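Structures for review follow.
Two complexes, one shared chain (chain A), two partners (chain B, chain C).
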Partner chain A sequence: MSHHDDYVQAPGKLITPVTVVLALLVAFAFAVAGYRFVTSIGAVSNLNDGYPWGVWLAYDVSIGTAFACGGYALAIICYILNGWKYHPMIRSAVVASMFGYALAGTSVIIDIGRYWNVYNFFVPSQWQPNSIMFEVALCVMAYTCILIIEFLPAVLEKLATFKDGFFKSMALFVAPKLDKVLIFIIALGMTLPTMHQSSLGSLFIITGYKLHPLWQTNFLPLLFVSNALLMGLSIVQFEVGLSSAGFKRPYEYEALEIARFIPFVGAFWLAIRVISLVVGGKIGYLFTSGFHSAMFWIETALIVIPIVMFATKLTPRKAFFMAMMLCFGGGLYRMNVYLVGFNPGDEWNPYFPSVVEFMLTYGFIALEVLAYIILSRLLKLLPKAHAAGAH
Partner chain B sequence: MLDASLFGADFSRRDFMKAITAVTAVMGLPATMIPKVAAAAESDNRPPVIWLHFQECTGCSESLLRSSHPGLGNLLLDVINLEYHETLMVGSGEQAEKALHDAIVAHKGKYILVCEGAVPLAENGIYCQVGGTKAVDSLRVAADGAFAVISMGTCASLGGVQAAAPNPTGAVSVSSLVEDRPLINLPGCPPSPYNLIATILYFLTMGKLPEMDAENRPLFAYGRRIHEHCERRPHFDAGRFAKDFGDEGHALGYCLYELGCKGPATYANCSTLRFNDNVAWPVSIGHPCVGCTERLVFNTSIFDKVDIIDPTSPAWFPPTKVTPSGKPVSAISALGVGAIAGAALGFAAGKGSTLPKE
Partner chain C sequence: MKSTRRGFMKAAAIGAGALALSPVAAHASKAITFGPDEVGMLYDSSLCVGCQACVTACRNSNFNLDDTVSLAPADTAEVRWANVQELDYRTKNIIKMYQNPENKSEYAFIKRQCMHCNAPGCVSACPVKAMTKNPETGIVEYDKGICIGCRYCQMACPFNVPSWEWHETFPKIVKCELCRETNLKTKGMPSCVETCPVKAVIYGKRTDLMAEAKRRIAEKPGYYFQDKVYGEHEYGGTNVIYIAKVDFEKLGMPTLPDYSYATESETIQHTIYKWMAAPAALYVTLCAIALKHQFKRDKDERNNDHKGGHA
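Right, the complex of A and B next:
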């Protein structure tokens, strides 16, 4: 949109100790991914036929895309709830979302055993439209494209500042046209996460009894989509806090206003969670399932405490730490559904990720952070600083 | 020689060995053990057995009487020395009471006490008395002198229908009252008689109690779930369920899980051993398993679907776990992986604590 003056580049050099460490992690992950492709998935991971989905799908896809819902949450606030004054924060959120989703897709390709068949996904005659997994894959791919388009204005702005030549004339030609159609892209971009985030939950309805009763419920799609919104809102808090502290910029106090949505979304999620347990007759499992009951209570505490704290008076520091806790709680909920509560049968147990699986996931996280830092320093992504309380 | 003299002329050595072979199989012992089991059954060292009835329906005794393998009913009476059994013995009144008392004194520390039924504790246990003695008292006296106590049936093992809410008599299981004596639970409503015979013969043959699970149930009979051995299991795995009694799926013999079958949560050998001379069992005649060997029976509706907590493959599938799966996680690599995550979190937390407090 045409609020170009709202954004600035982050200060600082591209090569710093932090970016170097991140780059090393990324390089290691790429080496690991390369090793996986020349050997096999069994050579690097602890996956088996009972656990075809390990930490790569549980973290990179399920939790990673929920972290990447910052763009989704902000888009809802800006465009549906008409919170236009929060719009300056959206670019950085979209960048984080873009990398979250793109890496989720990449992770799936690494995780697929017969990755050479993946081209079939682009052949409509090979589609199986009744499949939940197909819906997730299509939505994730489409949403990644949409995030890239949403991010394009920042790139075009940069290209327009180049000296005369092809890039500048192209940028000047494309930018106004993109500006006109962008609102439709954004509308589509708000539909897609709603669809596939709920499908990420539906995927585990169809695992039936393999998922522990504490998590197995027909409310899973609703729980996952509201959990995505909750995690999207908290990752915005986390991002604003970390970029303010990391780039040594003044804190964006609008973020604290956005945080007031968290108790409402959180209460909604909790209500559905409680209803699903009561209606399903699962209350007995809250205390009787040993390890699983403990995981349930840790997850619930990590979500309830920050939700309550967000309803009280907020300071930037408090919002940052509570958001961190909520990210953990929301992430743990997804981890519990995808791995902890999932039991395909004793002959496949136990599954615990190998070091290589961890390193690849770490590398992906490092890549997201690294890309965020580099792009913020190259392009105008961050909201322009202004005196606190000036708005 | 028990095999000829006590079973009569028409019970041949061949019939005897057939019965012993069957019982050896129930215990899960190899065929090489058959001679030892036969020797144990033939010996004159018949263990004295005292059988007490509390709050029960005598279904467990009825089940025992109907064990119709050739001679197994007889075998029980001849392999063991049944000193006292209210339903089976001829004596009554004071004569019977005296028999019980004499048996406890004569075989002190050597007899096996088999209990059937739950014990009421409400209002000092007045709800079940035999000859003016309360159930809880006769149990205490009999258990004190026993070598081992076998709880026969669900009521004695787990409390059963008597202990179900609202439990007006305050009934509890025999097992919960017996301390400092070896205890074996054989739950089931009724339990298979062969599980009792096999338990006693196991003891006679091996000189020790069989291996048991956390509920004190012998693993040879209660080591696997109904669901792992069920003839309808392929229908479950294929997603073919009877949805209603008498519907098409029911007529075609589909899985009864959706009608409330508790097989996936019930440890028992009904599906392999069966009842009525190894012919039928509830699931084979179209009724869902009610889970009578588990605590859920009488506490859950027969028609409620049970949650499957630890899914297991059918027992006839080949094992998939050849070696411990996965690459070993060494302490150093675990430390490294944890350190990276911890460092990242510490970094974020450190940055966060520089944020303004206002």
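Right, the complex of A and C next:
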């Protein structure tokens, strides 16, 4: 039932120059995080009362979870649209998503100032359903758990190969039961990102005039959820290209079929973007806002070019580079909403992240890559390479 | 496969429709109402002489003065405790001055503190009810014992009022609560009001204060800027209201719509999540389609196994 033969381990050793460098970056980030907890947020960041949210939220949470939407996008394609056709690709995407979300959560804990009060999220009398932040927080926590459950089959498989004993018998006992209910959990894993990815955009509606009119719109939820799908699809292309090169495996040509969904989602995103600008009467800002207009055009170019290119004939190389471009464009859109387009007034020094803030973010990216490499070498995560013409 | 794909499209359309319609519905803002016992302050900029006695009084009643030792390193070097330029962790109340660069004799003061909005952004933003609006008094209250420190209230405040102790290891939000635990409790009015030597800021019921502001404007038509009470309509109304001789924009007050962004944001959120119907419908639809695919796949696999082939 749980199609073990679809997956293989990645070849290669655990300790290589690449993993060692990554580990050093991670160690440095942990040191930075430790320093923040014994000193203060002000001591490590350039944040101020006008710009209370910085790169940890803009990158680690907003962009990081969009990159982590590979699992979400693939799940929709695999379980809903195409009847399990691309099932072999799902595991690696789920692992990447799991780390993306777990690290976003960790980043939030480092960023929030009164972390010891977080238990209030689990006290029903403190629930505040008007708060978009409340919805995002609960949804992200729930989805991280869902991703861990979706990832469990790979772990149980490994445990089942152990020598007779507690782990083996537990794995053999749990695996078939999990297999039966997994589909209901997977469906939840498609519902939750739809909810919180849209809310990551809704968060900014309440900031009103502080967000530049080019990005402030009541369509933010719709733009963010379709942007998440777009970035999820792109990151799958990116991961497939990178893991076939990095692990020296044959390219997975299914990726190019999946890429066919990108122009459709992209066209939807663009349509909403245009509608939001026209309905809001904001066409003038496209040319009159100087730096912000320029950022708008860079963002739009980085999204439109790859969307158009994905509608043409694809090669693995082209798909890889266009996906990279789309990741940049989609990420820039989120960065523009969270930081670039945000201006509380002239009283505050415009925010630019400190070196330390960047180091933490780099460390988290390194941890994601490192964990992906190590887990795919320990567990059967990658799709089994197959002879040409398998589909 | 076609039929399930159509099913998904239908589900997607319902979800997208709910999302897409909500921005249209959002502007149906509620009429501004204040409870009969809601309190606030009226600040008349034309009376203020800029002595900053209110700033000192606020500090004396709301801060432990021994806290001076915990000033941020940068602040001890550059700015003395009492000489704060903007609302920050050291003060809940501040007087700022506007001066016309071309005509130095044209100047005015503005008092900045929490406006205690009718539909406060901070209260709507707070995920754990650490910020609440007292339903009787209308005071926007902060409870550091609940606050998780996400600082969404700072993002959400159109007046940039809540301040954060950036230099503290265990920081909190600092903002005016109308002296609810200090001077209001002991002397029946906020310390800034008690101290003001020229009664530029007065305390009372919101309805009385609005009547007083209107009376002053009617008494001297054309004396006050646009005969306007700032906070009557701004952001859906605020409990603290201002009248001034100078353009409020010049005084640093933001130009705001007559509805709260919080109302806007909540309307959209509640349209999408009404009774959790849309998410529930999405979940059920996704389950149904995914299950159907799984059954089909398992069946195909069994057939293949019977024929001795493998999937």
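Throughout what follows, the second predicted complex is superposed on the first by the 389 of 391 C-alpha atoms of A that agree within 3 Å, B and C clash if a C-alpha of one lies under 4 Å from a C-alpha of the other, contacts with A are read in each partner's own complex, and residues count from 1 in each chain.
Here is the rule we go by: a contact is a pair of C-beta atoms (placed from the backbone, for glycine too) under 8 Å apart; a residue touches a chain by one contact, two chains touch by 3 or more.
None of these values were measured; they are calculated from a predicted model.
After superposition onto chain A, the partners chain B and chain C occupy overlapping space and clash. Touch criterion met: A:G246 reaches chain B, while chain C stays clear of it.
Judged by the touch definition given at the top, the superposed model places A:G345 against both chain B and chain C.
Chain A is touched at more residues by one of its partners, and among chain B and chain C that partner is C. By the touch criterion defined above, A:F184 lies against chain C but remains apart from chain B after alignment on the C-alpha atoms of chain A. Contact with both chain B and chain C is seen for A:D49 once the two complexes are overlaid on the shared chain.
In the superposed model, A:P213 lies in contact with chain B only, and not with chain C. In the superposed model, A:A137 lies in contact with chain C only, and not with chain B.
Contacts of A:F320 after superposition: chain B is touched, whereas chain C is not reached.
By the touch criterion defined above, A:I112 reaches chain C but does not reach chain B. For the contact definition in use here, the residues of chain A common to its chain B contact set and its chain C contact set are 48-50, 209-210, 344-345, 347-348. The touching residues of chain B, counted against chain A in their complex, run 264, 307-313, 319-321, 325-327, 329, 333-334, 336-337, 340-341, 344, 347-349, 351-358.
Residues 1, 3, 5, 37-43, 47-50, 52-53, 79-84, 108, 111-115, 117-118, 120-121, 123, 126-135, 137, 183-184, 186-188, 190-191, 194-195, 198-199, 202-203, 205-210, 217-219, 221-222, 225, 272, 344-345, 347-348 of chain A touch chain C in their complex.
Interface of chain C with chain A (complex): residues 1, 4-5, 8, 15-16, 19-20, 22-23, 26, 72, 86-88, 121, 124-130, 144-152, 154-156, 158, 160, 162-172, 252, 254-257, 261-262, 264-266, 268-270, 272-273, 279, 282-283, 286-287, 289-291, 293-294, 296-298, 310-311. Taken in their complex, chain A has these residues touching chain B: 18, 25, 46, 48-50, 209-210, 212-213, 238, 241-242, 244-246, 251, 285, 289, 315-317, 320-321, 324, 343-348, 350-352, 354-355, 358-359, 362, 365.
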